[in-house]
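Shared chain: chain A. Partners: chain B in the first complex, chain C in the second.
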Partner chain A sequence: MLKPSAVVELVWQDETGSTAVTALSIPSSLTVDEIDADASALASILVPLTGCVLIKQRIKYINVPETPVTASGSTPIARTGMFFFATDGISSDGLISIPAVKDSIIMTTGPGEGILIDETNADVIAFTDTVVDNGISNPFGDDFTSFVIAYLQSRV
Partner chain B sequence: MALVNLPTGQLKIEYRDASGSKGSTIFHFPYATLASVVVTVADILSAAINALSDAAVDGYTITYAKTEDTPATPTAGSRVEEKGNFVFRTANGRTTRFTIPAIVDSVLNASGSVNQSSLLVTALVDAVIAGDFAFQSADGSDITALLEAYQSFRGSTRRQLPTDR
Partner chain C sequence: MANNTFPEDWRDQPCFLVTVPRPLVPFVGGLLKIAENRGFWQSEEDFTRGYTAIIELEECLMALCLDVLMEKQDALYRLLNTALLGQGYTTVSADPLVVTPAIAPHVSLDILDQDSLLGRVDRLTQLVDNRLAGTDTPLYDNLPGIKQQLEDIIAALAEGTDLSGVLSDLEAIALLLA
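After this line comes the complex of A and B, so read on.
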């Protein structure tokens, strides 16, 4: 469930380059624009109270499980699936990593045995379709338009 | 000199494996996407990921960030370890607080308490408790009054130590 309060973080930098955060809570029912307006107005009041300068502002909506969660298997978090996607734009493609991928989605035959993630697996297709169909993009804002390949990687 | 949004917001889905170790997946979405839309997509993605991963999805955070394109110069001698602590009462009888790093000396009393009659401080407190802003405590209660305000010093982290030491 979405927490009742979103968090506004104002990031300050001092003379030495060190940073610190002023964090406040605000109703998560508000839009980003509404929260942004309050954050900007508050920052203008805080500026004369500090010797630091404002370098960043973050608005965070936080969702937590309603009941404690339990892992469905013993796969370690470091066993990571790397999913590569292509974009229409001129920027580079992007990747999405998923930790603790299930053994059941790894290829068991052929040259990719034990490494490649099975692109024909129904759960893999459901995930990659969800990414492509819902406006997920790379960090530069170019929407992912197609799934390319996925493989297993150990990320210790 | 202005805060400029990044091209994208960030959705970070977090996990916990059977050993308790934590991991995460980061997605990006165009900055103009409404948070309510991202929440819907995040729930769909979480369900899809649950089918791929043995780790349990342990919540997610949606972040919209802006950065200053031409930061000003900090005041000489300013240090983030020097905090101005502002503790407020809330409508449900609890307290909430925030800190201001490198609090300016001009709003401090000799004891280290914050001069609550300073115009800069009254402007801040009035804005926070008078309903000008929607800020509240983490549990959703209204902020009603300033309880105390004082200077304190935090220990430097390793990253905050001088690089030329």
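After this line comes the complex of A and C, so read on.
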């Protein structure tokens, strides 16, 4: 369920490099371009009021389940599955992290025992194929073209 | 503000091999997370280069186990020892990998199988020694050498003796060479 309001975050930075955020709510019925234009207009008005500079603005549409849900497993969230993907061979590779990955997709034999994610697992294949086939990209906008490797990292 | 820069020529610079114990891999990888963020780097260009290098490093953390690398090196050694000298090997178990005989600290030039590369060279050497010089070798000691045959022919011609015996030996050699 899409929440009725989107969040605009204006990220400010002072001369020491410290950052702070001005958060605003705005109707989520507006398009990204409309919200971006409104945020830019507001930011320009705020500039005379602050000694900071605007370094970034974020727009977040928030979608939540209709009813609250609770995880039933005991997998710690820091147990993160890191999935690495290649682009076209010229641009940078990239990654997608999935928290609290299940034991069932972790290799139980071989050098990667207990850490390496089983790339022959049907659920893993379904995920990696979907990433490659649906234009997911690295931070620079380059589409992932193939799956490289996946394993556990400890991330908070 | 982070002032971390990353050189344009980073791919041309030396690399260092570090072995990471398997239980430490998740933590080492997790600690690299900070360098995946734009804010860690001074400029957009530094971010692009630094992010690329960090991601490739994270991929490498699990790409090549040192045990696997060493096993492949041992396999290459066995391939050479079998092909060159004819040493045979037997896989006792696959996991963990146990192969006998164990790799020795050094090898001699003793040929263990005449079908190995050096064994075949040795066979050719013995053949030439035997056929040309008439030297008895472990593999060839059947007939007088060609050199001796020629000397016998020359001696027979000079003395006007019967050449039938010599010719018979030459025919046998010709049959062997056919």
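The rule is simple: the second predicted complex is superposed on the first by the 135 of 156 C-alpha atoms of A that agree within 3 Å, B and C clash if a C-alpha of one lies under 4 Å from a C-alpha of the other, contacts with A are read in each partner's own complex, and residues count from 1 in each chain.
Here is the rule we go by: a residue touches a chain if its C-beta (ideal position, glycine included) is under 8 Å from a C-beta of that chain, and two chains touch if they have at least 3 such contacts.
This one's a predicted model, so the numbers in the text were calculated from it and none came from an experiment.
Peer 1: After lining up the shared chain so the two structures overlap, which partner does A:Tyr151 touch, if you call chain B first and chain C second: first, second, both or neither?
Peer 2: It touches chain C, and chain B stays clear.
Peer 1: Contact-wise, after the overlay, does A:Gly114 reach chain B, chain C, both or neither (first, second, both, neither)?
Peer 2: In the superposition, A:Gly114 touches chain C alone.
Peer 1: Look at A:Met82 in the shared chain and tell me whether it touches chain B only, chain C only, both, or neither; answer first, second, both or neither.
Peer 2: second
Peer 1: Looking at A:Ile59 after the superposition, I want to know if it touches chain B, chain C, both of them or none. Which is it: first, second, both, neither?
Peer 2: After superposition on chain A, A:Ile59 lies in contact with chain B alone.
Peer 1: Of the two partner chains, chain B (first) and chain C (second), which one does A:Ile136 touch, if any: first, second, both, or neither?
Peer 2: Only chain B; A:Ile136 stays clear of chain C.
Peer 1: With both structures fitted on chain A, tell me whether chain B or chain C touches more of chain A's residues.
Peer 2: Tallying touched residues of chain A, the top partner is B.
Peer 1: If you stack the two complexes on chain A, which partner ends up touching A:Ala41: first (chain B), second (chain C), both, or neither?
Peer 2: After superposition on chain A, A:Ala41 lies in contact with chain B alone.
Peer 1: Now for A:Gln13: first (chain B), second (chain C), both, or neither, which partner does it touch?
Peer 2: both
Peer 1: Between chain B and chain C, whom does A:Asp93 touch in the aligned arrangement: first, second, both, or neither?
Peer 2: Only chain C; A:Asp93 stays clear of chain B.
Peer 1: Share the list of chain A residues that count as touching for chain B in one structure and for chain C in the other.
Peer 2: After superposing on chain A, chain A residues 13, 16, 78, 80, 94, 139-140 contact both chain B and chain C.
Peer 1: Where on chain A is chain B touching in the complex?
Peer 2: 2-5, 8, 12-16, 18-20, 22-27, 30-32, 34-36, 38, 40-42, 45-46, 48-65, 69-78, 80-81, 94, 96-102, 105, 123-124, 126-127, 130-131, 134-141, 143
Peer 1: Touching residues of chain B toward chain A in the complex: what are they?
Peer 2: Spelled out, the residues of chain B in touch with chain A are 3, 6-8, 15-19, 21-31, 33-35, 37-39, 41-42, 44-45, 48-68, 71-81, 83-84, 96, 98-104, 107, 120-121, 123-124, 127-128, 132-140, 156, 159-160, 162.
Peer 1: Chain C touches which residues of chain A in the complex?
Peer 2: 13, 16-17, 78-80, 82, 84, 92-95, 109-116, 139-140, 148-149, 151-156
Peer 1: Inside the complex, what are the residues of chain C that reach chain A?
Peer 2: For chain C paired with chain A, touching residues are 1-2, 22, 25-27, 29-30, 33, 36, 38, 48, 51-52, 55-56, 58-59, 61-63, 65, 67-68, 95.
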